[in-house]
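Two complexes, one shared chain (chain A), two partners (chain B, chain C).
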Partner chain A sequence: MFEKTGRVTMNTKKSFKLDHKLKFYILMLIFPLAQLAVFYFAVNVNSIKLAFEEYDMYNNSYTFVGLKNFSQVINVILNESFMKTAFVNTFMIFGIGLIIMIIPILLSYFIFKKYFLHGFFKVCLFLPSVISSMSLVLCFKYGVDVAIPEIWKLVFGIEVKGLLSNNSTTLWVLIFYSVWFSAGSNFLLYLGAMSGISYSVIEAAQMDGVTPFQEFTKIIFPLIFPTFSTFLVTSFAGLFSNQLNLFTFYGERAEYRVYTIGYYLYKSVYMAQTADYPYLSALGLMLTCVAIPLCFITKKLLAKIGPSVE
Partner chain B sequence: MKKRINVFKVLTFLFLIIWSISIISLLIWGVLSSVKDPLFDFRKNVLGLPKEWKFSNYAYVYDQFKVEVLNKSTGIVEKIGMLQQALYTIIFCLCCAFFGTIIPCTVGYLLANYKYKFSNFLNHLVLVLIALPIIGATPAELALLKSLGIYDTFFGICLQRCTFLGVYLFVFEATFMAVPYDFYEAAMLDGSSDFGIYLKIMLPMAWTTFFTIFLLIFVQFWNDYQYPLIYLPSRPTLSYGLYMLSNSTLQGLNNVPMRMAGVVIVMMPILILFIIFKDKLVGNISMGGVKE
Partner chain C sequence: MIKTKRNSVIRFFAIICAALMCFLSVSCGGANKKDPTKTYLYVYNFDGGIGTEWLYNAASRFEKLYAGESFEAGKTGVKIEIGPGKATLDTISKSPYNVFFSENVFYNDFIANGKVLDITDIVRNPLSDVKGCEETGNIEKKLFEDQAAALTALNGKYYFLPHYECYPGISYDRDLFNKKSFFIAERSSSDTIVKFTDSSGNLSVGPDGIRNTYDDGLPSSYEEFYAMMNKMVKYGVDPFIYTGQYSSYINYLLTGLWSAYSGKDAFMLNVNFNSGTGENAVPAKIVTGFNGDMPIIEDELISANNGYLMSQEAGRFYALSFLSTIMANSRYFSTKITDVLSHLEAQTDFVFSSLDDKPIAMIIEGSYWYNEAKDALKASANQFPETGVDRDFSIMPLPRKITGQVKEGEGTKNTLMDCLASYCFINANIKDNPVTVRLAKTFLQFLYTDAELINFTNTTAIYKAVKYNISENVINNMSKFGKHLSEIRAASDIIRPYSSHPIYVNAQSKFWYVGVTNAWNSKVKNNDGSITDYVSPLSAYRDKKTAIQYFNGINVTQKEWSSLYGKYFLN
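And then the complex of A and B:
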């Protein structure tokens, strides 16, 4: 396992030095690996174990109950209307998210090409990453519920309800917030990927007379495709964690009709007692079983159908 | 064809203009609302400039807003004020940012410079683990922290953050790969130990990347309220406090100007930090390191 393959192998003369290196290597890795073992592997093994257990209040311990928690989860999914709504909302938001994934790339391209006001836009796009979601949500929440009706009244002379308070617009306003303010997300990493493209490639294409649009579709996008594909796969990974900022907007009091699976999970963990952990672990495990194949299929598909630079 | 190119550029420009205006106007409206009188000004003057600039709103929120937490050792409900919240925030953010940076930095250095087969294995393992969407492991993590007796402690949080899983590992690996190997060899010839080389030569050379990632993690944790809400419930940070303030039903605080004052108090320090370190934070960070 510790056979050397690269950089350090250049120094093969002194075996004592190599041993010394190995000692340093092992010593420096002990703690990070132990942390990984406890906080990743042990936690996940424990999560799987918990899914098959039940909390025994009298003995303050967990006992094996087989598939009881899973049948409870299936029961909730099939019979509780809020869970159906949560699944529908989750997939709808995910679909919208997929469609708008191209936006940060276009914005990064604009900045990469150093078009007019690119420096200003770069700072603006980074702002939502600096300002806490709590602060931005509070400004937005009162903005659409208090300020927009006032503007409407001023411009059209009609009194309207706040967009979040209005039942028919609530979900769409929440989706709009999520989509609009995440438009700049990951733009820095896309920009980083674009900066890595050799200028000679772009220069040669420009000498061949390509237009900026062709440059984007035929050169830039194919060359940054690995970064795009990483984000696409991670978006599948985050399918069931997307809360639609509901906890930030409403705390634990969001209405059932706007529920997402991510919100339900976080809210349930936040309010959970020790006895609730097994049910939540079983739900998490079932969702993981859906998300993992989805991620790997997407990864394989992207590797097959990804664009190439002509 | 040329027209289409212009449309492409102009549309992106228009989108960016509308987007930028929307976020800036929202923030300006929030700041202006925070200095309005809740009763006599804000109710009748939602959009205009404040009739009287009530900066005392900040002092009121600072004095009056407290997060109630249960002290488990004494069993007494304690009221945590904003100063204490700020102190908890600084400890929480510094710990998380330091450990969240030094660990991937060290492992990244080892992966870049010590090409044992185990390094390759570790590299692939991290790639697989990052891609694995584990959902709902929080209850198990809470159970583990409780059983270890480190739940709701800064020590427990630090231990959790000592992870190298994540993209920053690859940023550090790429950074150290870019450092010429001659530096390493020269230091070896000078008789430096491996630890000395890492600490005195390699780490200073990766300082820009280290500091940028440290800042990014610091900002991320400053703004995060969900993580401390679950893992550090009795030590509320400022963002956690802001969450509580947004749901507070206390008379005097249960209105838009006071909540916006809370937003400004929490937002200001991080905005100042952003202005100071703008170039570092908005620099081009990529899997290939940080470009200065």
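And then the complex of A and C:
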């Protein structure tokens, strides 16, 4: 009886404990799961559904139209010259981004090693992250469109157009701004990753007579490779959402020659009436279908070819 | 010991910060303290060119008028809380504001989505419902026929009321025109050269062809306009300034010229797609090709089937051609124009220019600019107490002829376009709150009484987009700009580019010809056959494209039109 009673008590206690843990577990998860359900799944399910529908304003209702919106998207992509420009710009900016991805890593290493003028570079890179983007864009615009022509005239006596007003330089100026603007956050994360490297590892290597180049390529880069890899995968994920800060510079009036797909999507959604949403959903869905496999392939490739920490 | 001291310092600063936060919170709370004895109404106002002063004044009058009225049990009187801003209207369903005044509103979308409250009752009820108002009519009678049809096109009910009228185009400094004799003199039939005079000289009859009217001495053709600009340059005056920061402002000039050339009835074909039949049919002047630089123009009757032809309207070509001509000469523009010059800076430069002896004759702007530049005008009056007061600015009626001079009796009526889609409406999220609904509706009705409409114009020098008369006495007390605007408005046809046609109802934003939309987008064919897309002709002209190239790129084909809107006219 005692044994029986004891077992029962023990079982009750155990189940009570489990219940308690389960309750805690549920409480911890319920909010993020609800958020995920509403703001991710519901939104995306609705967006996917929209891609196959058409809006009727008179009845405020949607009707199923099959692949009509997708055929419209394909038609726009194939026949509208601005879409070609937008795709070319998007991939070009992405390519440039990939090539210069090494710059924030090198700068982070430079600052990590506390080389000459590291403080100055730190400020220059952090500045865009701490100033409001609107103010920064305004200052930048004045700099490239007013100050540079004035300085040029003063020094060389030649009148030149502002770099943003000049059609042939606009895109490059915008790319420069975008790279500079995004460098701050990249640099912060790389620097954080480098700071996490045990000093004893570096010290041991230095005692073995490692050069700074060897230290960077053989120790630092392999150890921060997971951070680099994350950046690379997320940059593929954001391939079609990079709007090159065009909305901050021009609002909805950017010229087609500087369009990116990200800007086109952003601007179109910003200016859309309800009837435009199905087309935009179809476009978004098609771009996602391109971006997702790219992300997975990149992730797999990086896992295979990445340097070993060993 | 040192650690304890450091902790004390940290604690001290933490206490100071906490105290500061509390103080700030109390300050904020204090400022927004509600009066529990009054019923509140929250009103959002787009704080652009028209500003918010008119609304503060109107709200104050309303509060006084209804000071003894109870809208809910236990409370007497009302309080209008105004929120000026420049927010988008996407999320109004979650907005704390009950009444909205805004611009660039594509109302059909809001109605279809149930975001706005049905206000048919206050539009049709007599205005005598408003306390102290003796008007026998209602708001509906103050609406223009086509306006009322467009606003009720979706389901026969009213949800929106027209707010203010804004005319795109050019404003000019009449004092400067007079001082430098930039007014155009009347020519004899044998005279081929454009001559100039001051306002006391033998002025030409202007574009309307009637002597002693508001446009005497103003250019009646593009040819005269170019000659006038050349004279300005010769006399060291910059003809134009405009904001370089917002490229859409150049659309003000294009749309102003286009609507002036087309006239009201023909321009409305862009939104109603109905030329009509018989003797009263209104044809559109369509460019069918070019003979050298000269457009070949044919009259076409427009219906939904061939609505795409409106993309090749002659008025559009002439407007583009005008812009191309003036852009070819950089001396026609102030050197202050850069891609960062804001509209407010452009207005300030324009106001101060002749006082600073670096005169600029004209500004490309909406007719609201004078109200928006109030601070600059005040500052210039303070800085130049003798010459900076009672300035004579006016909007300019634009030429409708390409060459020659309009002779007496040969002119055409001026056309202005109401271009900013400005409306007021009530948020549908208050529909279950009868107290706020009643108060919001009463406030709207109050704002559309004649007295309040006149007060609005008095404060802003801008007209509400409804029918009302302003007495001579009131006009005489207005600024010179306000007087000129009143005179020109009274003598002009006003285009209100809204329609009840299903194509327009379903795609309202696509038929918007000024501002943010794609009205002037063009697929310019290059010499090598490739296509370059442009948002603004300014950019294309910088790339040495011609007006003809740009105009051809605006063309909408029958196939594109049918694919977009065929379901509304193809059976």
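Going forward, the second predicted complex is superposed on the first by the 283 of 310 C-alpha atoms of A that agree within 3 Å, B and C clash if a C-alpha of one lies under 4 Å from a C-alpha of the other, contacts with A are read in each partner's own complex, and residues count from 1 in each chain.
What we mean here is this: a contact is a pair of C-beta atoms (placed from the backbone, for glycine too) under 8 Å apart; a residue touches a chain by one contact, two chains touch by 3 or more.
This one's a predicted model, so the numbers in the text were calculated from it and none came from an experiment.
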Legend entry - Partners on chain A (chain B, chain C) - clash or fit: clash
Legend entry - First (chain B), second (chain C), both or neither touched by A:274: both
Inset, instruction - Mind working out whether A:150 is in touch with chain B, chain C, both or neither, as first, second, both or neither? - result: first
Legend entry - Partner chain in contact with A:127 - chain B first, chain C second, else both or neither: first
Inset, instruction - Have a look at where A:300 lands relative to chain B and chain C in the superposition and call it first, second, both or neither. - result: neither
Inset, instruction - Identify the partner contact of A:284: answer first if only chain B is touched, second if only chain C is, both if each is, neither if none is. - result: first
Legend entry - Most chain A residues touched (candidates chain B, chain C): B
Legend entry - Which of chain B and chain C A:142 touches, first, second, both or neither: both
Inset, instruction - May I ask you to decide whether A:236 touches chain B, chain C, both, or neither, giving the answer as first, second, both or neither? - result: first
Inset, instruction - Give the stretch of chain B that clashes with chain C in the superposition, choosing among 56-64, 74-82 or 110-118. - result: 74-82
Inset, instruction - Mind sorting out which residues of chain A both chain B and chain C touch, each in its own complex? - result: 138, 142, 146, 251, 270, 274
Legend entry - Residues of chain B that touch chain A when the two form their complex: 1-2, 4-5, 8-9, 12-13, 15-16, 19-20, 22-24, 26-27, 29-30, 33, 46-47, 103, 106-107, 110, 112-118, 120-121, 129, 131-144, 146, 159-160, 162-165, 181, 185, 188, 193-195, 198, 219, 222-226, 229-230, 239, 242-243, 246-247, 256, 259-260, 262-263, 266-267, 270-271, 274, 278, 281-282, 284-288, 291
Legend entry - Residues of chain C that touch chain A when the two form their complex: 88, 106, 108-109, 112-114, 154-155, 244, 246-248, 338-340, 502, 505-509, 516-517, 523, 530-536, 539, 542-543
Legend entry - Parts of chain A lying in touch with chain C, wherever the complex brings them together: 57-58, 60, 80-82, 85, 138, 141-142, 145-146, 162, 164-165, 167, 250-257, 270-271, 273-275
Inset, instruction - Please give the residue numbers of chain A that touch chain B in the complex, ascending. - result: 1-11, 17, 20-22, 24-25, 28-29, 31-32, 35-36, 38-40, 42-44, 46-47, 49-50, 103, 106-107, 109-110, 115-117, 120-136, 138-140, 142-143, 146-147, 150-151, 154, 180-181, 183-184, 188-189, 191-193, 195-196, 211-213, 216, 227, 233-234, 236-241, 247-248, 251, 265-266, 269-270, 272, 274, 276-278, 280-281, 283-285, 287-288, 291-292, 295-296, 299
